[in-house]
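Letters are used for the chains, namely A, B and C, taken in the order the chains are written, and counting of residues starts over at 1 for each.
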Amino acid sequence: MKFTRRYAMAAAAAVMLGFAANAQAEPIKFGVAAEPYPPFTSKDASGTWVGWEIDLMNALCKQMNEDCQLVEVAWDGIIPSLTSKQIDVIWSSMSITDERKKTIDFSDMYYDTATAIIGPKNGDLDISPEHLKGKTIGVQVSTTHANYVDKYFGAGSTVKTYQTQDEANQDLAAGRLDYVQADAMALDAFLKTEQGMACCEKKADVPPDTTILGMGVGAGLRKEDTALKEKINAAIKALAAAGEFDKITANYPELTAIVVPKAN
Amino acid sequence: MNWDWLPQYAPLLLHGIWLTIVLLVISCSFGMAFAIPIGLVQVTGPLPLAWLAKGFCTAIRGTPLLVQIWLLYYGLGSLFPSIPWIRDSFMWPVLREGFFYGVLALTISFAAYEGEIMRGGFMSVPKGELEAARAFGMSPFTILRRIWFPRAFRLVLPTLGGEVIGQLKATPLVATITIMEVFGVGSKIRQDTYHVYEPLLLVALIYVCLTFVITRIFLWIERQVPQKR
Amino acid sequence: MPTKAGSLELLSQWGGNLLVGALSTIQISLWAYAFGLCLGLLGAVGKLNGGRVARGILDGYTTIVRSVPELVLIVILYYAGTDTLNRVLAHFGFDAVRISGFMAAVFVLAFVQGAYSTEVLRGAIQAIPIGQIEAARAFGMAPVLRFRRIILPAMLPYAIPGLANLWLNVTKDSALVAVVGYSELALATRQAAGGTKAYFLFYVVAAGIYLTISIVSLFFFGRLERRFRRGQHKAR
C-alpha cells in the first residue's frame, strides 16, 4: 500500500496548486477569446497574451487604477460567460450591435474598423452577391460577419463557420474556401504574413450595414454593472486625451486604417 | 424559456439530424468493415501485421478524437498549398469538404475500438468448432466465412449497440470542422438568436431520442439471431 | 509547412506552452476523476441500497449522461451550470460565487465521469460473491465497517479494469473543454498551431503527448491490478 499512498500524495500536492492559483482576491476579470485573433489578441510562444487590445487593456487598467486579470474564454461562449459572471468584461474585439445590446451592455467604442472580404490572388475584385453565387465564404462563428454574410450572400453562396479566425484564413490558404469576410484590420494583418502574401489578396470592403456590423468595438458588460461602465468610459476618454491610443497603435505598423476614439 | 425560433430553424434542424445519421451509418459500416481484418490479424498473425494492427488500435484509442479530427482537417489542409496538383485532381471537390475528413476520422476511430472488440470475439470462438470445420475439409476462407466470423460476430453483438451509441456521441465533434450536423445547427441557432440554453437542450433531447431508437434497433436485431442457451 | 530545422525551432519555442497545457490536462483529469469516483461510489451504493426515489433519480442521471454526447453536456453544464448555481445561491440570499474556468471544467467532467463510475462500481459490487458479504453480516459487522473491510477490498479487482478505462476516457474527454475555452493541452495546441501555421506539426505532437499519457497510465493500472488480484485465483 505504501507506494500507492505516496503516488496519491504527490498527485494531490501537484493538483492542489491548481485550486490554490485560483483562490485570490477579486480583480476585474477581462474575458479574452481563447482563439488567437492577431494582431489584437494572441498568445506568443512563451504563453503570454500580446496584441493591440492587450496593450490597451493594460493602459486602461493603469488609468482606472484597478487590478485586472485576463481570463481566456471560448469566443463562442463569451456572452454566457459574462452573464454567468465567469468574467466581468468582454475585451475581445466585440462589435457594439443592437442585437447584442438586448443581452448585454457596452462601453463606448474603443476602436473601429471597416469590414472586408479577401480571396485568392487572381485580380478578380468583384464581391457583388451575384458574382459570389455558388462560392464558399468563411466566417468566424458568433461574429457580426456571420450574420452579415447570412443576410447578403446566404441566398446564393455557401457559408462555412469556423471557431477561430485563424482556421478560416487557413482554409482560404488551403483552397477550401473561396472568400473570407472579417474585420479589415485582422485580415490586413493576415495578408501581411508570409502565408497571406503567398495565397491571397484583399477584394474590397463590404457595403456598410451598421445594424448588423455595429458601431465599432466596445467592452461588453453586464447590464447591471453601470459603475464599471462609467469607470471604463472615463478611462477611455482619458486615454484618448493623453494620446495613448496612437502610442499603442504605433507599435503595430500593420494597423494602418484603425479608427480610435478622438481626444476632444 | 423561449422557443419562438423553433419553426424558423426546423428545416435546418431536420437536415442536421439527417446529416448526423448519415455520418453515423457510413462511419459505422466502413469502420466495421475495417475492424474485421484488424481484429483477425491480431489473432492469426502474421506477427508484423498483428503488431501493426495492435499499434493502430493503441494509437487511436490513446488519443482524443477531437485532436485526431483537427489533425486530419487542419493538419492535412495546411499541407495542401505545398502540393499544387492536389487542387487540380478529380478528388478535390471531396477533399475540399469537411464532411470527408469527418467521416474519415469517425471511421478510423470506430475501426480501432471495434477492432479491439472483434479481436476478443475471434479469440473467444471455441477451438473445437474451428477444428471440426477443418476436419470437414473446409478451406481457411470458408471456415472464416461460414464458422469463425459468424460465431465471433454473434459473441460481440450484445456490445455492438453500445459501441454504436458511443459513436453517435462522438459525431458532434465534427461540428468543429464546419460540418453542420445537429450540434452544429444548435450552435448556429445559439449564435443567431442569442438564446443559450434552449437550443442546447433541444439538441440534447434529440440525442436521447436517437439513442433510444438505436437501442431498439439492436434489441430487434438480437432477437432475430437464433440462440440456444 | 516549415522545414525540418524550422520544426525543431518551433517546438523549442512553443514546447513550453504545450507542456503547461499537458500539466493542465493532467490536473483537470485527476480532479475530475477523483470527484467522479466519489459521485460514482455514492451512486452505486444508492442504486443498490437506496429507496425507490433515489434509484429513480440515479437511473435518470446515468441514462441521460450516457445518451447525450459529452461535448453537448460539457457545453450545457459549462454555461448553464454556473448560472444555475448562482441563481440558487441568490435565491437563498447568498452572494454569487465566481467559478473559475478550472473548477467549471473539473466539475463538468466529474459529473460525466460520475455516471460511468456509478455503473462500473455497481457492477463490481455485484460481482462480489454474496457469501462473503453474508459472512461479514453474520459476524455482526456494522454496515460502514462491512463496506470498508469487506466490500471495498473485494470489489477492487473487479472494478480496476473499468476504472482504468474511465481514467483513459477522462484524459481524452478533457480535450473537449478546449471547445469551451479552458486552456489545456488541446487548446494550447490550437493556439500554437494558429500562431505558427504549423498545424500538422503541432497536432501530431499533441497526439503524441496524449498517447504517452495513455500508455503510462495503462502500465500503472496494470501494476495496480496485479497488486489487488494477489491472493485471487489466476484467471484461466
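A few notes on this one:
In this text, a residue touches a chain if its C-beta (ideal position, glycine included) is under 8 Å from a C-beta of that chain, and two chains touch if they have at least 3 such contacts.
None of these values were measured; they are calculated from a predicted model.
Under the stated contact rule, the graph of chain-to-chain touches is complete, every pair of chains being in contact. The pair with more inter-chain C-beta contacts, choosing from A-B and B-C, is B-C. The geometric centre of chain A is 32 Å away from that of chain C, both derived from CA atoms. Separation between the centroids of chain A and chain B, computed from CA atoms only, is 36 Å. Distance between chain centres (mean CA atoms), chain B to chain C: 23 Å. Counting partner chains per residue, chain C has residues 75, 79, 179, 190, 197, 199 touching two or more of them.
Within chain A, contacts with two or more other chains are made by residues 76-77, 80, 163, 167, 170, 195. Annotation for chain B: residues touching 2 or more other chains are 74, 77-78, 176, 196. Remark: chain A residues 76-77, 79-80, 99-100, 102-103, 141-142, 146-147, 150, 160-163, 167, 170-171, 173-176, 195, 198-199 touch chain B in the complex.
Residue ranges of chain C in contact with chain B, taken from their complex: 1, 64, 66-73, 75-76, 79-80, 168, 172-173, 175-176, 178-179, 186, 189-190, 193, 197-200, 203-204, 206-207, 210-211, 213-215. Across the complex, chain C is touched by residues 58-59, 61-68, 70-71, 74-79, 82, 165, 168-173, 176, 183, 186, 196-197, 200-201, 203-204, 207-208, 211-212 of chain B. Across the complex, chain A is touched by residues 74, 77-78, 80-81, 87, 92, 96-98, 176, 178, 187-188, 190-192, 194, 196 of chain B.
On the chain C side of its complex with chain A, the touching residues are 13-14, 16-17, 20, 24, 27-28, 30-31, 75, 78-79, 82-83, 86, 96, 98-104, 179-183, 187, 190-192, 194-195, 197, 199, 224, 227.
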